[in-house]
Amino acid sequence: MNFASDNTAPVSPEILRAITDANSSHVASYGADPLTALLKERASEIFETDLALYPVATGTAANALALATLVKPYNAVICADEAHIATDECGAPEFFMGGAKLLTLPSADGRLTPMQIEAAVARAIDGGIHHVQPEAVSITQATEWGTVYDADAVAALGAVCRRRGLALHMDGARFANALVHLGCTPAELTWKAGVDVLSFGATKNGALAAEAVIFFNPAFAAGFERRRKRAGHLWSKMRYISAQLGAYLQDGLWLANARAANRAASRLADGLRIPGVRVIQPVQANELFVAMPEEKIEALEAGGAHFYRWIDVAGEPLPVIRLVTSFVTTDAEVDDFLALAAAP
Amino acid sequence: MNFASDNTAPVSPEILRAITDANSSHVASYGADPLTALLKERASEIFETDLALYPVATGTAANALALATLVKPYNAVICADEAHIATDECGAPEFFMGGAKLLTLPSADGRLTPMQIEAAVARAIDGGIHHVQPEAVSITQATEWGTVYDADAVAALGAVCRRRGLALHMDGARFANALVHLGCTPAELTWKAGVDVLSFGATKNGALAAEAVIFFNPAFAAGFERRRKRAGHLWSKMRYISAQLGAYLQDGLWLANARAANRAASRLADGLRIPGVRVIQPVQANELFVAMPEEKIEALEAGGAHFYRWIDVAGEPLPVIRLVTSFVTTDAEVDDFLALAAAP
Amino acid sequence: MNFASDNTAPVSPEILRAITDANSSHVASYGADPLTALLKERASEIFETDLALYPVATGTAANALALATLVKPYNAVICADEAHIATDECGAPEFFMGGAKLLTLPSADGRLTPMQIEAAVARAIDGGIHHVQPEAVSITQATEWGTVYDADAVAALGAVCRRRGLALHMDGARFANALVHLGCTPAELTWKAGVDVLSFGATKNGALAAEAVIFFNPAFAAGFERRRKRAGHLWSKMRYISAQLGAYLQDGLWLANARAANRAASRLADGLRIPGVRVIQPVQANELFVAMPEEKIEALEAGGAHFYRWIDVAGEPLPVIRLVTSFVTTDAEVDDFLALAAAP
Amino acid sequence: MNFASDNTAPVSPEILRAITDANSSHVASYGADPLTALLKERASEIFETDLALYPVATGTAANALALATLVKPYNAVICADEAHIATDECGAPEFFMGGAKLLTLPSADGRLTPMQIEAAVARAIDGGIHHVQPEAVSITQATEWGTVYDADAVAALGAVCRRRGLALHMDGARFANALVHLGCTPAELTWKAGVDVLSFGATKNGALAAEAVIFFNPAFAAGFERRRKRAGHLWSKMRYISAQLGAYLQDGLWLANARAANRAASRLADGLRIPGVRVIQPVQANELFVAMPEEKIEALEAGGAHFYRWIDVAGEPLPVIRLVTSFVTTDAEVDDFLALAAAP
C-alpha cells in the first residue's frame, strides 16, 4: 500500500525494453541519433502540429529550462502559491532564470484564474521600474491539488496571456493524467488553448528518467539548446532518453498508464465516502487529499500504508494526508487501504 | 571504424542488466534507496576512505556542481586553457558558480605545473580587490590531450594547493583510463595526493548516463545536495543511476573496460609509426592526436573511418585528427584503420 | 506641497559642504582615504561597538549586497510581503544572491512576528531537500507602512533568529526616523537586539547618495568587499560618499533631520482627524497612509498637492494615498495641505 | 608627484558647482528630472545622433550593465586579455551577464585586430553546442596600455562585427583622452565606425562619480533600465549624476581636462628619453609604461613619486612602472619627476 508518490513506482516494461533495444553499437551523440529524430516526429503527430522538442531527464530541469528560455532575468513568472516550481524545486527556476522572480498567487484548488492574472499584471505595472514585470504565466496540469484545468479554462488563461504579452507555460508533470480525465486531444489542451511551452512529463508515469520540453512556437525556443548544455542536461548518450519517450508515446502506453493511475484514485475517492473522512479536493487525476482524525491516520500507518501528511492546510481543522496512485497501483492495494480506513 | 568519441559507444551489458534488476516495485525516491546506500559503501572500499558520493547523470553536471560547491561567486578556478570545463561545457561552470571565473593557463600537453599555479596566485594577489582570487584548481585526468598525471604530479599540485589555500578538483571523466595506465590505486591518485573532489566518470566507459561527485573531505560537500536539486540533477528514481555505478564498480568492470580502450589506443599508436604521420602527444589513455597530410585524412574518411579534426594546434604545420577508442573498439577496427593509414 | 517621497528632497547644506571640503588634491582611492577611516570610527562610537562599515551609493545596493553576503544561492530570506526588497527593488536581492528566494509573509502593518518566523521555518523544514531553507530574516525599520519595531520587538525577532540559526538583517532606509520616534539608542535598536547587519540609510534623510552597510558581527562580512566591487559599487573616489556620511553623523544632523520629518508627519496626522478621512496605520515615522473619498483626493491634487495613490489595500473600501514628509517639509506646506483636506 | 592613477584626482570645480546648483527643493526622482533630460539633449548634439543615455556612478557598472544588455548568459564577449573588464572588475561582467564568458585574446599593446576576431569566431563555431559563442566584442579606448584605436581601426573592427553578427562595445573610461589625441569627432570614433554602445567615462577626468552608458542603436537598450535598477545603480536623486555629466560636457570641459592630462603624459614621455630608461608603449593618452632599473625605481619612490609597478610584462627584462597623469597634474610635478629620473 504505497501511496507516497508516483515517483516511487518502477519503470514500465515496455520502456525498459526500448532502452535495451537502443543499445546497438556506435550511435551519434548529443541528440543527433535516429531515435531522437523519430521521437520528434511521433510527438508532432500526437500534438497535430510542428513543434520543437527537447528531451531532459528530470521535471525540474524541464520546468526551469523552459522558464529560463521564456523570461529575462529582470522579469517574473506568475504562478500559484502551491505550484511545484514555487515550493518543490529548491529555487531551480530562479537559478536558471538568473534571478527572475516567481509572483505567486493564492489558489484554493491549485488553479489560477484570468482575473488573478489581470490583477497581478496591473499591480506590476503600477510598480513601474521598481517592480518586476511578469513575462510568463506557469500553470500545472494536473495541479498540485490533483485538480485539472479543462480546455476552456486553459484557453481563458491563454487569452489573457496574449492580451498582456505573456508567454504561457504548462508544467505537465502529470499531463497524461489530466488528459485522460478530460478526454480531449493533446492539441486542444495545449497549443490550441494558447499554451506556448509544455513540460511533458513521463517519469511519474512509467519512464526511468525522461521528460520533454515542447515548444509549440519554435521561435520561443531560441537559446534552449545552449541553456540545456550549460545546465549539464544535454546527455551525450541522448538516445537512451529518447528511447524511453518513444516507447512512452507508442501504442498509447502513456494514456493506458495514466488511466490505470486515475482509476485507482477514483476507487480510493469512492471508498473514502465514510463518516469522519473528507476528500477535500475534487479527484480529477491521480492524487487525493483527505482530511481525517489523527487516530485514523495512525491506524492506516500502523496497517502498512505509506503516504505523506500535508501540513498547514488553510481552513482545515483535521489533519490532511495526500494519497498518490500510479500505473502499478493494484486493486488489492486500494481495497486493503479502504478496509483499514473503514475500520471503526 | 568509429573513433569519433567514447560517448558514441553503447552501454555495457552488465550495466544494462543492473538497471533491469533494479526495476522492482515501489522504492524510496531521491536517493533514499538501498542501491544508492550500497554504492557509497562500495566506493568507500575502493577508495579506502570515508567519502561523500553523489550520483548525477552527466559529466558537465558533475564538474559544474563540484566547482560551485568549492568556489564562491566572486572567486575563480585555475585550469588549463584546453580544459573541458573551459572549452566544452558551454559555460556550465560559470553558470553554476554564479559567475565565478576560470583563470586558464597555457599547457602544451594538457597538464598544469605547480609553478604555473604559484605564478597565477601571485598575479591575482597583486591585482588586489580588483582581480578575482583563485579558490580552487581543476585538473583533468586523463587530460584533454590524452596524457596522464601520475600520482607524484598530482601530489605536487596538491601541495601547492594546500600551501595557497586552494581546493583541488579532478575532472575524472576518464579516470579509469588514467588509473589502469598508471597501475596505482584509486586512493594514491586522489585523496592521498591532495585531491579534494573527484568527478568520477562512467558514461564514457560503459554506463548509460552516470557519474559520481566524490568529496574525500565531506566538509567540502556542504550545500551540494541543494545545489544538485536546484540544478534539476536530483533524480526522483535515483536507483537507476546508482544501479549503473554499482555495476560499473563491481568485479572490476570499470577497469576492464578502461584497459580494453587503452589497449586499442596503444595498438593504434604503435601502428601509426609510419612515414609522414606523427602522434603528437604521449598516448597514455584512450585518445590519440595524430598529425598527417590532408590527403591521408581524406583517404581515411573515404575508407569509412569516423573521427574529428582538431583545428589550430599551436606549432603544428600538418592537420591534426583526434582518435578516441572505447571498450567496444575491436582489433579488427584498429587493423582496418591502420591498413588504410599505411596505404601509400 | 510635495509629499510624493522623501527622495525628491534636496541635500542638506552641511552634507554638500562636506563634499566640497573633501575636494583636496590627490587622495587614495577605493576607500583607503582618511575620511572613510574617520567615518568608521564615528559610527563605531555612535553604535557603541566595533563594526565593519561599507559605504555605497544606494539603498538597493546596500540591501542586496548585505543579503548576498548572508545567504547562499540555494537558501532564502524571510521578509514581509510588502517589504521594499520584495516589491520595489526589481529583483535586486535575487540577482545579488544568485537566485536565492524571498519567502514573503503577510503583514497588516509591515511588521513580522516571531510566531510567523517559526511557522515559516517549520514549513521549510517540512519541505526537505525540495524546499528552500531560510538563512536570514529581513525587517524594515521604519516599515513600508510607516510603523516602527521597538527594541523589544526587534529583540524578540533576534531571539527566534538565534534559535533557528538565521541571520537578522535590518533595512534601515528610514532608521533615523524610527530611532527618534522611539528615543532609544542606536545600539539598543540593533546589535543589542540581535541585528547582525544594518542597511543604514542617509539618502532619504538629507544625503546626496549615501548609505552604509554595517556588520555588527564582522565575521558575517566575509566577501562583502569583493561583492561590492563586482557589483560596480566600489567607488574609486570613495571619499565623496564617506564625506556625506561623516557630515550626516556629525553634531546629530541625522537625528535633527529625522525629527523634522517625523514632526511634519505627526502634524499631518493630527490635522487629518476629520470626518470621512482615516489614517489607516499608526504614524510612527515620516509616512502616512490615508483613506479618503475619491473626490477629496482629486481636490487635493487639484490644489497642488503631490503624493502617490496606494492600490489594492486589503480590506479598505476607500481609496488610499501615501504622504511622505522629509527634513525640508515646512509647516506652511502641512498647513496648506490640511486646509485643502478640511475643505468640505 | 602623484602618478598612481587618475582616480586619485579631485573633482573639477565646474562640476562641484553644478552639483551645488542642482540642489533646489523637491525634484522628481529616478531620472525624471530636467537635468537628466537636458543631458541627453547635450550628448545627442555632441555625438550628432539620436541616442539612449543612462547615467551611472562607476565605470564597472557602466561596462557590466552595457555588456549584460548585449549578451545572453550562454554566450560570450571577445576582449583583450589585459582588458579592464577581464582583469580589474572582479568578475563584474560575468556577474551582470549571468555567467556569460569573456573570451580573451592576446594583445601586445592593448588593441585587438579584425583577424583575431575572425579567428576567435571560427574557433567558437567549430566548438558547436559545447563552446560558448561570441555575441559582442569589447574594446577599450584609450586601451589599458595607453594606446589608442584611430577611427579607421575602430571601423575595421566594426565591419567584422557586422559581418559576424556581433555587437561592438567600447569601454571609454578614457574616451576623452583618446578623442583629443586623435582630433576626430565623437561620432567618427563611435557610431560612424560601428560602435553600438559606449561606456562614456567622466570620473577619471574630473567628475565625482559619473559615467554614462550610451546606446547609439536604441533598440539595443531594451531592458537596460531594469538591469540598472536591479543592480542598485538607479539613483533616486539622479539629478546629481546628471548635473556632473552636464557640466562635464559644457563648454568643452571634458576635452580641456583630457588635453591637460595628455599633455602632461607627453611631457613625461619626452623627458624620459634618457639612458637606461625605456617607454615601452606609444604614449597616446594619459598613461605611460616605463621600463627602468630597480635602483632608479627605488630612487623615484624615495624622492616622493607615487606610481604602481607592473609585474610580469611579457618579454621585458627590466621592471616596469605605470605613470598616469590627470587634469590636475602640474608642470612642476612633471619636472620634479623628470629631475629625479635623470639623476645618475
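Note that the chains are named A, B, C and D in the order they appear, and that numbering of residues resets to 1 at the start of each chain.
Here is the rule we go by: contacts are C-beta pairs under 8 Å (C-beta built on N, C-alpha and C of every residue); 3 or more make two chains touch, one makes a residue touch a chain.
Note that this is a predicted model, so its numbers are computed, not measured.
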| item | value |
| --- | --- |
| Furthest chain, CA centroid comparison against chain C | B |
| Between C-D and B-D, the pair joined by more C-beta contacts | C-D |
| Whole-Å gap between the CA centroids of chain B and chain D | 41 |
| Chain centre separation (chain B, chain C; CA means) in Å | 50 |
| CA centroid of chain C to CA centroid of chain D, Å | 35 |
| For chain C, residues that touch 2 or more chains besides their own | 73-74, 89-91, 95, 98-99, 129-130, 132, 226, 229-230, 234 |
| For the chain A and chain C complex, residues of the former touching the latter | 73-74, 76, 87-91, 94-95, 97-102, 119, 122-123, 126-127, 129-132, 311-312 |
| Chain C partner contacts - residues on chain D that touch it in the complex | 2, 4-5, 7-11, 16, 19-20, 23-29, 56-62, 64-65, 89-92, 95-96, 203-204, 208-209, 226, 229-237, 240, 306, 328 |
| Chain C residues within the chain B interface of the complex | 30, 72-75, 98-99, 129-130, 132-133, 223, 225-227, 229-230, 234 |
